[in-house]
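As written, the chains take the letters A, B and C, and residue 1 is the first residue of each chain.
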Amino acid sequence: MTAAPKTNPGNFFEDFHLGQSLRHATPRTVTVGDVALYTALTGSRFALQSSDEFARTLGFARAPVDDLLVFHMVFGKSVPDVSLNAVANLGYANGRFGVPVFPGDTLSTVSKVIGLKENSSGKTGVVYVNSVGRNQRGESVLDFVRWVMVDKRDAGAPAPAPVVPELPDVVDPGGLEVPGALRMGEYDDILAGSASRWEDYAPGERIDHAGGVSIEEAEHMMAIRLYQNTAKVHFNQHAAAQNRFGRRIVYGGHIISLARAMSFNGLANACKLLAINGGRHVAPSFAGDTIYAWSEVLECRELAGREDAGALRLRTLAVKDKDCADFPGRDGNGKFDPAVVLEFDYWVLMPRR
Amino acid sequence: MTAAPKTNPGNFFEDFHLGQSLRHATPRTVTVGDVALYTALTGSRFALQSSDEFARTLGFARAPVDDLLVFHMVFGKSVPDVSLNAVANLGYANGRFGVPVFPGDTLSTVSKVIGLKENSSGKTGVVYVNSVGRNQRGESVLDFVRWVMVDKRDAGAPAPAPVVPELPDVVDPGGLEVPGALRMGEYDDILAGSASRWEDYAPGERIDHAGGVSIEEAEHMMAIRLYQNTAKVHFNQHAAAQNRFGRRIVYGGHIISLARAMSFNGLANACKLLAINGGRHVAPSFAGDTIYAWSEVLECRELAGREDAGALRLRTLAVKDKDCADFPGRDGNGKFDPAVVLEFDYWVLMPRR
Amino acid sequence: MTAAPKTNPGNFFEDFHLGQSLRHATPRTVTVGDVALYTALTGSRFALQSSDEFARTLGFARAPVDDLLVFHMVFGKSVPDVSLNAVANLGYANGRFGVPVFPGDTLSTVSKVIGLKENSSGKTGVVYVNSVGRNQRGESVLDFVRWVMVDKRDAGAPAPAPVVPELPDVVDPGGLEVPGALRMGEYDDILAGSASRWEDYAPGERIDHAGGVSIEEAEHMMAIRLYQNTAKVHFNQHAAAQNRFGRRIVYGGHIISLARAMSFNGLANACKLLAINGGRHVAPSFAGDTIYAWSEVLECRELAGREDAGALRLRTLAVKDKDCADFPGRDGNGKFDPAVVLEFDYWVLMPRR
C-alpha cells in the first residue's frame, strides 16, 4: 500500500514565485441554471439580467449573466491554487469587468503572482495575484488583483525579496469598459423599477436599501458550491467547531451579492457593475445573521463617448442585525460600527436622461 | 449630504385610485433553470411539465412551465407596488390561466385597481387589483384578482368612495381556456402515474395524498427569491423576532405548491391548472412545519368542444403536523380544524377515456 | 362521499411476481437547470461535466450530465413502484452506464422483477429488480440491479417459490462501455485539475480526499426532490419524530454524490463512472453530519481497443465527523469503524499517457 501524494494540499508561501502563472482547474460553462440559482440565492431583481426581452431593447442578444456571478466563478477557480492555505483574504483591487458573459459561455481563470512579502513572524507571507477570467474566445470578462496571507510550509525557508505591487485605490473611470452593444435609448424606467437616472444622484447621497435578509447554512453553501469555490471554512462544521468562532463562516462574496441585490431598492437602474475598486470584509458573517445594506454615492462621472449612460462610484455597506436607517458606518476615528460586515467600493453603469 | 428619496417605501392606501394602472418592474425570462429549482423546491412530478417527450405526445413543442410557477412569478412582480405595506392578503378570485408558458418566454405583470374601501378604523383600507401576466407577445398567461388590506400613510386622509368589485365564487367552466394544441389521444397513463381519468372522479370524493413534507427556512426563502417576491415577512428573522409569531412566515404560495405537488398521489392526471376560484391561507406556516394535503372533488364538468379532456373542480386542503387520513377540514359550524393552513379551490384539466 | 382508492399505497411483497415488468412514471427531461442544482448541492468539479469547451476537446458535442445525476434520476423513478414500502434497501449490483446523457435528453425507467424470496418471519420478503434507464431514443443510459426488503400486506399470503438471481461481485471490465466519441488526445491535465493519469495509480493505493462537508436538511431534500424520489423517510420530520432515529434520514445516494465530488481531490482525472459494482450504506446519515471521504484503488485495467484511457476500480468510503487521514475502514474482523457510512465500489474511466 503506497502513500497518497495525489491529494492537493494547496500552495504554501514558499511555493509561489514572482511572475508565476497559475492556470486554474475546472473551466465552467455558465448556464441559465446557474442564473436561476443565483436569483434564488440572492434575490437579485435587476431587469437587464432578468429578462431577455429587456436586454434586447438595450442592444444585447439576450440577458447577460450578473456581473457578481461572473466574479464568484472567476474567483472560485483560483481558490485551490491561491488561497487553500490562506490565513486571511486581505483585499482586492483594480477589478475591471470586460466583455459581458452570456449563458453558454465557458469561463476559465489564470492568475499571475505579482507580489510577495514575507511577514515579520517568518511563519506567513502575503501573496498578490492578478487573476484574469476569460471566455471561450479568450476575451477578458474580469481582471482583478487580490492579496492573501498564506502559511509557510517551513518557517525556516528563506524569504523572497519583498515585492509589493502598486495598486490604484480607485479604477480610473477613463478605463471603464462599457459593452459596445449597449444602447440606453429604449431603457424603460418602469420595467427597470426606478425613475431615478444618473443625473439624479449626487456625491454624498446616502440610500438606505430598506430591508434585511437572513442567511441559512444551506444557502451560502449552495452558493459557493455553485461557484466551485473550495475554501474549507465555509463547508465543514465538524472542523469549524474547533475554530475561534465555532461555526462555518459565510463566503464574503455571498454578502456582497446580498448587498447588491438589496441595493435594487434605491439603485434599480445601476444596471451593470463596471469595476470593483476595493472591498473589505470588516467582520465575518454566519448563518442566522440578518443582512441589511445601505450605499453612499462617492462620485458621478461621465463616460467617454457615451451620452446615454454615466458611471456612479458607490460605497455599499452591509450590516448585520441592524436596520440601516441611521447609516451605520465609521465613526470620527474611522472605526467601524461593530454591526458592519462589509464595505464595498465599485463603479456601476446607469442610464442618463 | 442629501436625504435618500430613492428607496421605494411601497404604496399606502391613499396612493391607490380607482382605474389606476400599475406596470410592475422586472420582466422575467423563465428558463429551465427556474423549472429545475421549482422541482427541487416543491417535488412536483407531473409528467407533462417534467418531460419534453411526454409534452410532444400531447401536441406541445416541449414541456410547458408549471402553472403555479407562472402564478408565483406573475404575482411576485405585483408585491412591491401592491402589497409591500399590506397588513394582510385577504383573498384572490377569478384566476384564469391563459396561453401556456414555455422556457424562454418573458413574463411581465400589469395590475389595475378595481376596488377601494377604507376600513371603519380609518387606519387601513382594502385594495382590489386585477393583475394580468403576459408573455413577450402580449398574450395573457394569467389573469386574476386579489385584495389586500393596506395601511394608510396618514389616518386623516379622506376616504375614497367605496367600490367593491363583484367577483365570481367560481370561475365559469364555460370560460376555461384549454390550450388549442393539446391533444390527449396519446396520453400514457403509466408514464403519467395513474390509471384514473376524468370519468373516474365524482363530486364528493375525497383523496388523501398520503405523506408529508417538512419545510426549511432555506427552501421557502429560495422559492420566493426565485419568484422575485419581496414581501419582507418571509426574509428577515431579525425583524420577525419582534412580530407576534417571532418567526419568518412562509409564503402562502409555497404551501399551495407543496399541496399541488403532493396531490400527484391520487390526481396524477390532473395535468394542468385551468383556473383558481379562490384560496384562503387559514393559518400561517413556519419552517419546521410538516405539510400534509388532501383534496375533495367539487365538480366534474365537460369542456365545450373537447371530448378528450374534462375539468375537475377541486378543493385541496393543506394541513400541518397532522396526517390527512381523516380529512381534517371544517366542522359543522364551518370552523376549520386548527391544523388546516390552506384551502385552495381550483379547476384542473384531466384526460377522458 | 366515496372512498379514495386513487392514492398509490405502493406495492407490497405479494404484489410482485417473477418476470413482472414495471414501467415507472414521470419521464424526465434533464436540463442545464438540473446540472446547476447538482453542482450546487454536491460541489462536483470534474471538468468534463463542467465545461462544454472541455467536453468538445474530448469529442463530445457538449458537456455530458454527471453519471451520478443520471443514476439518481433513473433510480428515483423506481421508488414509487418498488420501494415505497421498503423496510430496507439491501444492495445494488451490476450497474453499467450506457450512452452518455446530455441536457435535453429525456430519461425513463423500466424495472423487471428478477428475484423474490420471502423471509423466514413471513412478514417481509426480498425483491430483486433489474432497472434500466433509457433516453428518448430507447438507448440504455444505466442498467443495474437492486434488492430491497418489502413488507407483506398480509402475513398469511402464500410465499412464492424463492428465486435469487446470480449477481456478479464486480462488473466485468471487458463489458464496460466507453462512449465511442470520447478521445483523450487533447485532454488538458491542468484544466482538469490533476497531473496524475491512469498509469500513476496502483492497486492498494489509498487517497485521503482531505476535507469535509456538512449536510443541511434543505440540501438533501432539494436533491431528492430534484430526482423526484418519493421515499418518505427523507421528507417528513413529523413522522420521523416517531422513528428509531427521531430524524429524517439522508438519501444514501446523496452521500455517494458528496463522496464522489470530494474525490476530485486526488482523482480529478477520473472523468467518468463506467460501472457500479456494489454499494453499502453502512450507517444512516443525518442533517448536521459532516462527511469526509477516502478511496482505495482496487484494480487498474486496460480497456479493449483503447490506448488513450484505462479503467480504475475504486472503493470509496464516506465517513462522518471524522477526518480520513487514517483511512477509517474495516478492522481485522471485517467490522467497520463506527464512523463509516458508505462503502462504494465502482469503475471509473481515466486518461492514459
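Simple rule for what comes next: contacts are C-beta pairs under 8 Å (C-beta built on N, C-alpha and C of every residue); 3 or more make two chains touch, one makes a residue touch a chain.
Computed from a predicted model, the values in this text were never measured in an experiment.
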Residue-number overlap at the chain A/chain C interface, same or different (half cut): different
Size of the rotation, in steps of 5 degrees, that lays the CA trace of chain B over chain C: 120
Whole-Å gap between the CA centroids of chain A and chain C: 36
Where chain A touches two or more other chains at once, by residue number: 31-34, 36-37, 216-218
Contact set on chain A toward chain B in their complex: 31-37, 39-43, 45-47, 50-54, 62-63, 190-194, 196, 200, 202, 204-214, 216-219, 265-268, 288, 290, 321-322
Complex contact set, residues of chain C against chain B: 1-2, 4, 6-9, 23, 25-29, 31-34, 36-37, 80, 104, 106, 108, 136, 216-218, 221-223, 225-226, 228, 230, 232, 235-239, 248
